[in-house]
């Protein structure tokens, strides 16, 4: 998913866009940026600073800075939950655990080696079950006897799930098992940071009530979820952009390093 | 007249055939979906309808494949490796090595005349060694699976996948796309990567002419070409490569069922 | 410009691009080239008997295919890659190989190498796992035997004088490597981590005296300091298993960091320990190769025969030198890296991180697959680490 | 019902196996009890009894964390310990036994006592961690890493691992033995300091002698398995190997039970009684079995598969005469060194350079006239996996013996795929039939 947030100096959000990311990051970045500008009723020149983050951050030709999603998420989460100590983010490409102290990122763990433990795991298996991703959470909450998914690898877990279905095991128990599988994997990873409250859960998967529930069980404590868990990274990026700009202005400098144009990047050329 | 049935329940699709005196008289393919029992029953119904026979006319049925244990009406379950060897041997009697590329794994089987297995090797439990790798990349490039083979043949400069893992391969494909590499080159690269995996399997059990390919991978011209180039060989491709294992099951059913029929007579 | 006239860093880049070129030239001139795996074969002895040592490395850019037929995929990808190159004939120019018990998979691979590639000369040094006196003696006995086999293979005598000469030559090369590393102490460093790594790879691909000349040229070029790296906020130490390709270091240095010092075996680990010139030169060699080389494959106690263990003292004795490096090179962060399935480095990680935390040095651990493309996902971690310490 | 009974009888177990196995279980329990009441306890790596007699002579209770890993796996306690190790930052690809033990030690440190959930009474806090430099990296790196949780000192004992050819060079044998004797001497001095008591050398000599006797007898029992049909199945071997491999209890008691077993096996040979009803195929097994799925051997036995020989590492060495050696440390050194190098002469002749781990399988397969082999690589144990592809290649190409690889793990029990193994096993039968003919054509004698 590609997310855009446009924010004013007062940190008030004036545009928010979420769209799917394909293989063609660049074109998409451009398109969603235009949409966002339209929503905010602004022209590109009126934007003081553009920060790109996330997996495709290097593919945003019009960005002034690239900052990792780890730093941006941390900043975004802190703005929403000032007391946060641990942030867990599960997206389609990766899962992250952030340790935050006094509003600053101090340590992190990350999995992007393997689809298991990321949103991709659920996507793949939901597709195999012929279900929509959004349906999973609700289905799993009906479970009374969740099954254990023994394969960690997404490809084989998919197979295992199909097998369980053919054995006549109720769908909700299987989906609950999947949620537990992903939650226990992520929890195990995040435990490396020594968990302390408040724990905040963000990313696309945080919209799934089943995973939230399973994560609570695995972490053994309360978990806060923002209203728009997908946007945290973009919000953080925008705030960092604002801070950088203000700092630059105070020094009488400008944040822009190069001439910046919002035009469709040609897909086959690496423009600068 | 005696009819025999072979049912191959694979991880992705299920195949069934009916043979009569060693000849294929009917076949049917269905996606396996979730319930193997249901798909097996449906496969049988479709097959019987095609030859207009009642179930009782089938002398013997052998089930095989990933879900071969979930075929309630089969007389026997046999390992897919053996069925594949019998099947290919019935189509190409001179084949001594068959490369069977399935959704869950790839296997290379060496056989002697009559389709007896003399050695085999199965890829690791890793999606990168199976047809699944192709699916993953096709999916991320948003290209229909059936088009990836022909498309890959257009490549002049296949990329090299330096990773041996489908998940990594996916991100590698994404980053190559964003570097401006063409989809053709990426597809040719993934075919090459799978061909490399297959050639590793072959390195482990040695080579003998003639060669054939079976399984879903046999439908993919890109993969066939990559394997041929990688190994410097010519692959025989049966008309319906994905049916070979089911066909082998039916042929084994004939041998087995024929034996039972004879023993009934002598008794 | 002919090849030989090309100097310093240009020549380094050339060798790095085509490592085997010089070795093949030497062979054409009638010199015998001896391959070796990892750091434990004693190079001074090879040089003393007029063999050209050539380090066997892997190739991150080459997919592993042939080796998968003799080694399972759940072992160190560096070793698999090295064996793969051997099986593909890329080390056919070697006249023989010397291998050692470096780690389990290294040991098994040595025997597999011999079985399948059947080199004209092969020697396996069974490096002990401890550094005790008895272990040193055991290694020494093996080196005596190693000497005999070298003599009978070459038909030349490995004389004491020649051995002492070789030790001096190697120590001279080691001193020059130190000198080069010293040029990384200023801020910004005068030479990047990636370029330094290329120099190290080059040194391992050519005879020691040529390496000395090359180093002299490189040092004088670097001192002129025209194309050094820019000043960056982070000065990093990179620790861990073998890095024989610049991709990882380059990736780090494309971010807001300079890699100013390493603790890896194509780097400081290989060149920092000297050989003391002892009456029996074998004693000095044994000490250097068994005790001096700081690879986690060797077991060390902080105090021989201690009956009570003190964790911090133990860490201090195992990792204290890393603190010294960090001070001398003014490091503000450490990247621990290891290829997957490397057990000897894997077990070390939590302890080393404890130690670095203890001395207040920010650190991160990255595990990778010894494949260039597989490094890409690490970029985010490395960059975020820099954001955290920056 | 019928088929259940049949399954139970598919393998004809040795009667004398049961008391021996009971003794092994009791020994373990006794060790736990003793350590709980404060007897000094060492955690020790299985060390081919290079160190065990020394520890026993010093009255130290020995627990083997490698075995405890298998216990935790069997009782379902392992996952929690593995999780703990993972969350403490140890890479997840490392040895399952090690990670289990690290997690256990971490938890014990948190609680300040043996974790209440620990199966079979747990492992008491050690006064010593006895690592081993032989066979695998984990076996000393893991104990070194335990320093995070335990203040016990770590000692590493060595067994040299020479190359096949190198081991025959002039002076190599003496040097290796000398090295081991010196190191063991240092170890004894260290123990004397640690325990503030002197070694009882006579006691050490006696224990060493008993253990050697056990090993000889156990060796002879296994020699009898060359008979057709093979009188003893691998399952009986695994049930009994521990009393020889790391003799933790009273050696004299074990010796008596092995004597009984020898009689039973000999009797079976004389009366041509096999371990399976109809021995259609004779097989070798490589590395540790899938402990949680031993029933697969019953299923295979029903198909006429008899497992006649198994992993080199758990078999006693070929006997050598050390009865004239007066220094027990030297005797230990010679016996354990023989364990590793005993097959080297044959290996050199056959130009097989992986003289232990790989070559012994070739020797076994020929001596025990195997039709096939089942290789069970353990995915987090590289040492049990490194050599198997070489073994597979050599068995087939040199001896025309086909084999089957069925992956599993030592702790992650789910990795072993029963159904998949049976599917491959069925195919292996076809291959074994074929290669029987090939061997005959090539003049091999079985």
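Chains here go by letter, A, B, C and D, matching the order in which they are written, and residues are numbered from 1 within each.
Here is the rule we go by: a residue touches a chain if its C-beta (ideal position, glycine included) is under 8 Å from a C-beta of that chain, and two chains touch if they have at least 3 such contacts.
This one's a predicted model, so the numbers in the text were calculated from it and none came from an experiment.
Counted by C-beta pairs in contact, the busier of B-D and C-D is C-D. Per-chain CA centroids place chain A at a distance of 39 Å from chain B.
One inter-chain figure worth recording: chain C and chain D are separated by 35 Å, centre to centre, where each centre is the mean of the chain's CA atoms.
The distance from the centre of chain A to the centre of chain D, with each centre set as the mean of the Cα atoms, comes to 48 Å. Among the residues of chain B, those touching two or more other chains are numbered 124-125, 168, 171, 204.
Within chain A, contacts with two or more other chains are made by residues 112-113. Across the assembly, chain D contributes 88-89, 389, 393 as residues in contact with two or more other chains. If you draw each protein chain as a dot and join the dots that touch, every dot ends up joined to every other dot. Residues of chain C that touch chain B in their complex: 60-61, 63-66, 68-69, 73, 369, 371-374, 376-377. Residues 377, 380-381, 383-384, 387-388 of chain C are the ones that touch chain A when the two sit in their complex. Those residues of chain C lying in contact with chain D across their complex are 69-72, 74-75, 101, 103-105, 107-108, 110-112, 114-115, 122-124, 126, 128-130, 132-135, 137-138, 141-142, 144-145, 148-149, 296-297, 299, 301, 305-311, 314-315, 338, 340-341, 343-344, 346-351, 353-354, 365, 367.
Across the interface of their complex, chain A is touched by residues 11, 32-38, 66-67, 70, 104, 125, 127, 132, 140-142, 166-168, 171, 173-174, 177-180 of chain B. By the touch criterion stated above, chain A contacts chain D in their complex at residues 150, 188-189, 191-192.
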